[in-house]
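Presented sequentially are two complexes of subunit A, the first with subunit B as partner and the second with subunit C.
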Partner chain A sequence: MRDRWLKYMLILPAALIVLGTTIWPLAVSLTTSFRDWRLTRSLTPGPFIGPEHYVIALTDDPDFANAAMVTGLFVLFDVTLTVVSALGLALLLRRAGVLQSVTRAVLILPFAVSPALVGISFRFMFNAETGVFTWLAGVLLPPLKGFVWLADPWAALLVLVFSDAWRWVPYMTLVVLGGLAALPKEPEEAARIDGATEWQVLRDVTIPALLPVLAVVAILKTVFALKMFDQVVTLTGGGPGTSTVTLAYLVYSIAFRWYDMGYASAVAWILTALLVFLAVWYMKLILRKPGQT
Partner chain B sequence: MAEVILRNVTKRWGGFVAVRDQSLSIRDGEFMVLLGPSGCGKTTTMRMVAGLEEPTAGDILIGGNRVNDLPPRERDVAMVFQSYGLYPHMTVAENIGYPLKLRGIRGAERERQVRAAADKVELGELLHRKPRELSGGQRQRVALARAIVRRPTVFLMDEPLSNLDAKLRVSTRAEIKHLQFELGVTTIYVTHDQIEAMTLAHRVAVMSQGEIRQLDTPEAIYDRPADLFVAGFIGSPPMNLVTGQHSNGVFIAAGGLRAETGVARHAGSAVLGIRPEDVTVAPPDAADLVAQVYAVELTGEAVLVTVIAGGSRLIAKADRAWRAEMGATIGVKLDSRRLHLFDAETTKRLNPE
Partner chain C sequence: MSDRAAAARRRRLVWKGLEAAILLGMLFLILFPILWMALTAFKRPVDLFDLTILFTPTLDNFRTIFGAPWNIGRTLLNSTIVAGLTVLISVPASTLAAYAFSRFEMPFKGALFFTILATQFIPAVVVVLPFYLLFRDLGLLDTHLALVVVNLAIVTPFATWMLKGFLDAVPTESEEAALVDGATRLRVILDVVVPMIWPGVVVTAVFCFILTWNEFLFALILTRDDAVTLPVGITRFRTERGDLWELIAAAGILISIPMFLLASVIQRHFVRGMTGGAVK
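Presenting the complex of A and B:
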């Protein structure tokens, strides 16, 4: 009898921590999202008002619509750039060699840099007067001389994408390298002998075989891109205007600048629902038994 | 159709020599088997012909052209892999049609050629399946169809039967032999299985440690092995090899074995070889050697008798009805026309041709 209880006793501490730090706040924020609670008026949550916050967010809030657009564009650019770059780098690093193995070893470093720091360093590098990238872009493409990247809405979004891709590409490259290493080499050799050029081998054999890994990379990156927050704070501050306000940054603004906790919770839950959907899809993909499609 | 010539080909990885200064000439339409234990360089040799490995030194010629600097796609060879090497996301028809697609053959013409190749290996019903829905034997047929569909000048087969079960191996072996006869394409076939080598080849190159030890017809390799390695590698159960002394045409070993070899010149230590089927059980008074029975094994078609004499074991093949107790004393007789004598120092064959 004791053994039966022992296993539950052993996981109890971990379960309590998860309950206290994840489940409980989630539950509180879910109920908060259905209540009227402005910190400027009251320190305790107000009355239940039904799904009103959700209705406003989804139908009648230009700030939410803008943030959803910005987030959507950011995810699209970020995921595309990350997956394509990771695949390209992995293919370059796939061959055995001293240069390749050294590069593989140092590749993990950018991922060790905290995202907030990434934002700050990119902000310096894109500084209008002293930034090294601003200068470099001017040298390589003279029309861009004197261009203030962070003052242009589209350029600022691109800089945000670059900063995040810079941090994630190396890690994703390692994931793709793992996928490449697990591929049998015979189909590629067979294709070479059958008459395929290296490009045709890549297009017809390697990439189709790698699709499950690329899908995992894309979904994982989508999840993290949807939550984009740190670099928005330290790099663009959501600007210029609201051109880089992501959903996560909007939640923060509503809650801690405008003190509307109920509405902030509702927006946070819209984002969470999206993330949960993607996470379930991701789990299905990686837990799938080999051989299934 | 073309002949394949290897001229002083060497392949080295760092300090490891996989293939050492190898020359080999394969005739147009010939079925050449490279036979040897794993690590002997046979697969490396084939991969250099395919263009998947680059020789460190030497020349490779296909149809008279030096192909060293050509990528695999420009060599017009087709290859069948041990683990099939099929494209997992393509159907059987797409797999077989891929070489044609790369050559710009499209539509009905491609379909016709795919079907013809599939019919030749009896795959007609499975064209819309994916490789994972096929058995091992069916997958290997797809690989064969993909190889024959574009009529290459050279077939390369890298242990194509190794992943099949024993029964399927025998029937597929016959199919490969028939296919090669029908198409008349120069074929290089790599295997470690001596039965495959014996049954399929026009000529066999027996390899060991990156070198060809003997290159000849299956009959000659079986009947006149060039050295101790070939003698021990070919044949199942393997040839009996007994170490002893040789002088004036007579071989003598511990335990009382004495045989006239017909070799005049060699004097000194030597190894006598005789295949189990050339050793017969005889009454002790009419025998070449009297020895104790060590083991009796019935294989179905025959009885293998292992006898022990003077510290060495000898396997004889007896009629399948023959029986004896373990430890019994019996006589064995050696077929004097089928004795092989090897120099114990150089391991080379001493018998005249």
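Presenting the complex of A and C:
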């Protein structure tokens, strides 16, 4: 019966790690967010000023509004592109075939590449005039010849989405393939015997059965898109102008370029609150599944 | 009737062709950036913007990045130390915790497990602010220790989740038999349970190693010279004289090859990493 204490001892190391490396910094940045603290003026935290930073961020800061907008658009494009492509690709890869198995084998690769490196490589390939993708786009669509992708606000955002999708779509395809493999075969076969076309089988049987998996993919991708930081630094640097400054990048700028720790913490916490909300939703979704306690 | 059959056959053929075209396009999209980087790594600067793949390959770029002032060997070592230590600390701790979550009932178990898992959704940037200030006060900026501590925040929840999935799938009979024979619980965990889930432990360790190896934000903020890891190291090749693409590519190959190998080793289980067994 020493198990009664043992089980807590077993959890203790991991619990201490999480407490020390996540809960503590979260608590500190929460209190910091209510204080006036600019490192340029003082090395120690200043006085508490109430929710002023939050009020400023949400009502009176064009930089925040811009970053929220950029992040929202990025999430929208990125999640849509990822879910649709992963589903489509998984459905194509489901069958046997040489091309299918080759593609399945390489799906693992992009996710193993450091996101920072992905950003730099895409910067290279979308380089003005000399980038290989810049050239390719000009060949495929002649009006795009000579177009400077990273100098145009919308194009830069799209390149950022493309670079992130490059890393995530193959991974999420594997997730959807796993979901497809776990589906029972009978409903699809029954529908076919009843004379349904392949399209109808897909729309009325396969996709509805896949919805839980697609929800997992969509929420996970939303979370990681909201946190997007690495490629912003290495691919666009937030530019041109501020057209690709995401919320995570804005926090970084406020904290380590302007050294305003109080305000940076407040913006970071707005992002955190959003993510925690998504986390709760996600966990309810996956922990509810039978056999997954 | 035969007309309709012929039309159907034609439609099927067109559809097959379309499928092949899409798959080939996807293959191209996935592989091209990697291949292009690999090619660039062997190019001389003069061939850099030549779109031909016919060029005289050179190993100069690798020689350059290992020499002064870049000393990429040092950066490589930093990455290995940080990722290795992070895994060595987090995987044993996570194994014990995952075992407790898998085998025992306890008050607030759900809430506790939930908290550990939810932490992986926290943006890294909110975690790094207090740590930056703490490490600055302690004089620990630009050290391996600082990076290991913050990386534990990312890796531990993943590891706990993955390992619990592996533990849940293992039958408990042999454990119970060993307990009845009078072995202590800790001995049982070490001698019976860990050997049984060893493949799962390896998969988890490899996954966590890849996550830490590729981590960028912490390294960007907490290191300057001594403890710089590879993802930040490659940004050093973007100098005031311009971007040294051939060196970036050579370093990029150096970062990526070990991760490709590791990812292939755990291929089948790779997906569990993020989804924690929610999707098998």
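As a convention for this text, the second predicted complex is superposed on the first by the 281 of 293 C-alpha atoms of A that agree within 3 Å, B and C clash if a C-alpha of one lies under 4 Å from a C-alpha of the other, contacts with A are read in each partner's own complex, and residues count from 1 in each chain.
One rule holds for everything that comes next: contacts are C-beta pairs under 8 Å (C-beta built on N, C-alpha and C of every residue); 3 or more make two chains touch, one makes a residue touch a chain.
The shown structure was predicted, so the numbers you read here are calculated from the model rather than taken from an experiment.
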item	value
Clash or fit, subunit B versus subunit C on superposed subunit A	fit
Subunit B versus subunit C as contact partner of A:Ala264, first or second or both or neither	second
Contacts of A:Ala190 with subunit B and subunit C, given as first, second, both or neither	first
Subunit B versus subunit C as contact partner of A:Leu140, first or second or both or neither	neither
Touched partner set for A:Pro25, first subunit B, second subunit C, both or neither	second
In the superposition, subunit B vs subunit C on subunit A residues touched	C
Partner chain in contact with A:Leu6 - subunit B first, subunit C second, else both or neither	second
Inter-chain angle, subunit B to subunit C through the CA centre of subunit A, in degrees rounded to a multiple of 10	80
Touched partner set for A:Ala96, first subunit B, second subunit C, both or neither	neither
Three-chain overlay, closest Cα atoms of subunit B and subunit C, distance in Å	7
Subunit B/subunit C common contact set on subunit A	none
Residues of subunit A that touch subunit B when the two form their complex	184, 186-187, 189-197, 200, 204-205, 208-209, 291
Subunit A - residues contacting subunit C, complex	2-3, 6-8, 10-11, 13-15, 17-18, 20-26, 28-29, 32, 88-89, 92-93, 99-100, 102-103, 106-118, 120-125, 130, 132, 135, 166, 170-171, 174-175, 178-179, 181-182, 213, 216, 220, 223, 226-227, 229-230, 233-234, 248, 251-252, 255-256, 261, 264-265, 268-269, 271-272, 275-276, 278-280, 282-283, 286-287, 289, 292
Subunit A-facing residues of subunit C, complex	19-20, 22-24, 26-27, 29-31, 33-34, 36-37, 40, 48-49, 51, 89-90, 92-94, 96-97, 99-101, 103-104, 106, 112, 114-119, 121-133, 149-150, 152-153, 156-157, 160, 185-186, 210, 213-214, 216-217, 220-221, 230-232, 234-235, 238, 243, 245, 248-249, 252, 255-256, 259-260, 262-264, 267, 270-271, 274-280
Subunit A-touching residues of subunit B, taken from the complex the two chains share	50-52, 71-73, 75, 77-79, 81, 83-89, 98-99, 102-103, 132, 143, 146, 150, 156
